[in-house]
Amino acid sequence: MRQVYMDYAATTPPLPEVVEAMLPYLDEKRVFGNPSSLHSFGQEARAAVEEARAKVAALINADPREIVFTSGGTESDNFALHGVLYANKDKKDHIITTKIEHSAILAPCRFLEKQGFKVTYLNVDKDGLVDPEEVKAAITDKTALVSIMHANNEIGTIEPIAEIAKLLNGKGVYFHTDAVQTVGQINVDVKELGVDLLSASAHKFYGPKGAGFLYIKKGTRMKAFMLGGEQEQRRRGSTENVPGIMGMGKACEIAKIDLPNRIKHLTDLRDKLSQGLLKIIPDIHLNGHPTKRLPKNVDVSVQFIEGESMLLNLDLEGIAVSTGSACSSSTLEPSHVLLAIGKPPEEAHGSIRFTLGRLNTEADVDYVLDIFPKIVEKLRAMSPLVRRK
Amino acid sequence: MRQVYMDYAATTPPLPEVVEAMLPYLDEKRVFGNPSSLHSFGQEARAAVEEARAKVAALINADPREIVFTSGGTESDNFALHGVLYANKDKKDHIITTKIEHSAILAPCRFLEKQGFKVTYLNVDKDGLVDPEEVKAAITDKTALVSIMHANNEIGTIEPIAEIAKLLNGKGVYFHTDAVQTVGQINVDVKELGVDLLSASAHKFYGPKGAGFLYIKKGTRMKAFMLGGEQEQRRRGSTENVPGIMGMGKACEIAKIDLPNRIKHLTDLRDKLSQGLLKIIPDIHLNGHPTKRLPKNVDVSVQFIEGESMLLNLDLEGIAVSTGSACSSSTLEPSHVLLAIGKPPEEAHGSIRFTLGRLNTEADVDYVLDIFPKIVEKLRAMSPLVRRK
Amino acid sequence: MAAGYSEKVMDHFRHPRNVGEMENPDGIGHVGNPTCGDIMEMYLRVKDKVITEAKFKTFGCGAAIATSSMITELITGKTLEEALKVSNKSVIAALDGLPPVKQHCSVLAEDALKSAIDDYLKKTTGKGLEGWQPHNEH
Amino acid sequence: MAAGYSEKVMDHFRHPRNVGEMENPDGIGHVGNPTCGDIMEMYLRVKDKVITEAKFKTFGCGAAIATSSMITELITGKTLEEALKVSNKSVIAALDGLPPVKQHCSVLAEDALKSAIDDYLKKTTGKGLEGWQPHNEH
């Protein structure tokens, strides 16, 4: 059976070059030392880690000293929130974020609220866009941090980060963006974006799972989150995940070169897929902004039927996608993102997210355009929400 | 030049079988899915992760549902402290630990103190042993958690965990042990030890860097530390590091079988090395308990000379070790462990730690016994603390 | 297996039995609502207190569809009394289990059945199923 | 390079110049203490205000040994006045740099030199080096 992976927002397969770059650091005959060790075994690992750091920094136009390695996007997000809030707690206690952030932002925010910090959760419009003026209006003299994602993982909307940064300028608040869905996928330049902190996760851009980073602009008042040894300029305890870091470094190096091709390839496929779906299937809507969206993302709500049952049927045909339906979560709540953009619950339950990536082809899209309408038809025939004529 | 790695307490090279076990999960043609994804790509990864969990659980005699995967020992330690303290904060606010814990325990303790929690740091005796009666005496009705390491990473002393657990029984306090230096190296059985929580780090027992776990006994009131998605039974957000977890699972599986051999091999080498050093070099002391110590550990204080200069000279001869000297840390403080066992600062500065591992041989030990005395002699000739006759 | 489902679940999901509506059914059950993401309708044909035919329509996840399909199979040919003994547990067992987070779907199926029998009894005897109240949480 | 040291540092560490004590030196400097992990002694032979010979003994890390060795090289043949211009920065530069955390070792070397010159001046003129106080933090 044809296998069509279209869940690249969930995770991406590491590039063969990435795996290649990791292997020497997993090899007992090569470089297995602890980068904190003073002897040559350790210093060889240290030198490699610093090379990788330079590659990561180069991708986002940062200084290598501004990069702290973490275990992934979730840690980077926790670190950013915890680090800024606890470091500035003597004077400030307020965070501004949005209702459509990833749970790696929302869950720490809820924890911080329990510890006495205040959080403002901004609304977004029907396309998922944050209004920069609303951000500005929410600022008080107690605001320590604004955290707004660069692009939404579910509906693909790209937020006006640079515009928001301009409005925040001079206000004495730090600005963090969760760029887990954009680094290596669209242009991410911390200077152009104007952010103080930026989170990323390697496995979302063809790097290995278990590696991520937080960009921390020089001069940012920050505490550590992972508390322990003196690694990462004392900003993150724990023995560095050297193979993971090397893989991420390579993934960044390749992304930098390959970015224009990636964007072109995915935009073409995306438009073919979304136009095809909207044309063939009745009662279907595209979620997220029509143009300000990730090149990889096609998120649709299919009326009258439920997401997981579509997902499973697609899976039976070799097509891997994701859904914002309650049934895919243990809380039994539909996607908070779809609710935040004003979708009624039944449409939220009926969402399917296709996210494209490097191994997808036109033939894959054709296959989906052939299979998916049949599945929709089959499920609608079973749905009590569709009345017989 | 001969290469003799004797810093296995800092990190160990992954076993070739471990790397083998990771590769399918790094391969874009094999199992790269996100275990949280409902489709087959994800579910294949999920099944693998659960197999690894069973192997980890088997090594320490736990139930697989009691294992939470983390990014390493530091995260496990932070998680244990943060998780228990914040979950029980309505009634309790006190931690008991020791002065010789790893910084992955001490640093979070200091953070928690700043948040209003109370910490008792127990003394140890000259061999590094905690007195179980002192633990018991420190308990108040506010004590939420006792955290005492299973074996010390620097001086190798093994603490009387099971004995302490017996005294804690029925006192309504949780008991955590940092077993980063013992899992896979000596027998670690959570039921025999009688602990509620136990931390481990894969790269310390021939698994990959960037993977660790926390054992959480069923029924333990615990909050998450890494806040985000619903992974790991909602106990730890973030996409699982599947290759790392698979490597750790394999490392556990092998450790379980290989443990008796490992202990015998290292104990023999250890005794040969320490007896040789004490015999050949004058004014040298073994740090830590003479018998209750890790099979791998030989930690010595060499009088009149400083640790880093010994370490560098050994490195120039291909021998990799570590030191508790100030010069190896950015705080310029000598090892808090050596100070806690009552070493005067100059002896703390003059410590060298040899930690043995699977690739070491008798010939390695002979080589060290040949080289090290010459280095000591050379440095002592340079030392103002040694007066000419 | 995808989403942690058993082969039995996947079989009923792929090839659901007794899908559809029914002309002039003797009893109709309707439970769930779109907000929860689960809706099930059940249609019964009853002859001499025996369920001779059962059909369903379901809006819901794989487990919801499979439990719907399974319960219609389990009750066909049973007397109403026997059918009322088909609990959500029996449906789960017949499907070789459901993932913990999906157990609630089986309650939906049980409720749809009871709702349909309730409807049948109301129509035939004027009195509904004794002591029956649909669950609130689907 | 081990511990982030330059080749120059490692050269002086492996082959330290001018190690040892001196019979009847014209000036002795002694700085640091074992608690800090750094002790340095410097011995000077001075003729016509020129340092004709310098020797050292050091208890300390690689950087401490290398800076000790380097400073004795730098000052040999210099007048006292010239030698006093050899700062910790010149030692670091001559060693092609030191890791940030090791910069303090070079201060130790500078202090040892000044301490030795101070001692020489006290012995010869009865007055020590003007305005000189050893650093407290080594």
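Assorted remarks:
For clarity, chains are labelled A, B, C and D in written order, and residue numbers in each chain start from 1.
Operating definition for what follows: a residue touches a chain if its C-beta (ideal position, glycine included) is under 8 Å from a C-beta of that chain, and two chains touch if they have at least 3 such contacts.
Heads up on the chains, UniProt names are A, B = Cysteine desulfurase IscS; C, D = Fe-S cluster assembly scaffold protein NifU.
Owing to the predicted nature of the structure, the values given are computational and were not obtained by experimental measurement.
Any chain bridging chain B (Cysteine desulfurase IscS) and chain C, meaning touching each of them, is among A; the list is complete.
Relative to chain B (Cysteine desulfurase IscS), the chain whose mean Cα position lies farthest away is C. For this pair, chain C with chain D, the centres built from the Cα atoms lie 89 Å apart.
Note: centroid distance chain A (Cysteine desulfurase IscS) to chain D, computed from Cα atoms, is 54 Å.
Centre-to-centre, using mean CA coordinates, chain A (Cysteine desulfurase IscS) is 33 Å away from chain B (Cysteine desulfurase IscS). Averaged C-alpha coordinates give centres for chain B (Cysteine desulfurase IscS) and chain D that are 40 Å from one another. Shared interface positions of chain C, i.e. residues touching 2 or more other chains, are given as 2-3. For chain B (Cysteine desulfurase IscS), residues that reach two or more other chains under the stated contact definition are 38-40, 308, 312, 315, 328, 330.
Chain B (Cysteine desulfurase IscS) makes touch with chain D in their complex at residues 304-309, 312, 315-316, 325-328, 330, 332, 334, 344-346, 349, 381-385, 388. Here chain A (Cysteine desulfurase IscS) touches chain B (Cysteine desulfurase IscS) in the complex through residues 5, 7, 10-16, 19, 22-23, 26-28, 32-34, 36-42, 71-75, 77-78, 86, 102-104, 107-108, 110-111, 115, 201, 203, 208-211, 224, 226-230, 234, 237-244, 308, 311-312, 314-315, 319-323, 328-331, 359, going by the rule given at the top. Across the complex, chain B (Cysteine desulfurase IscS) is touched by residues 2-3, 5, 10, 13-14, 16, 19-21, 30, 34-41, 57-65, 101-102, 104 of chain D.
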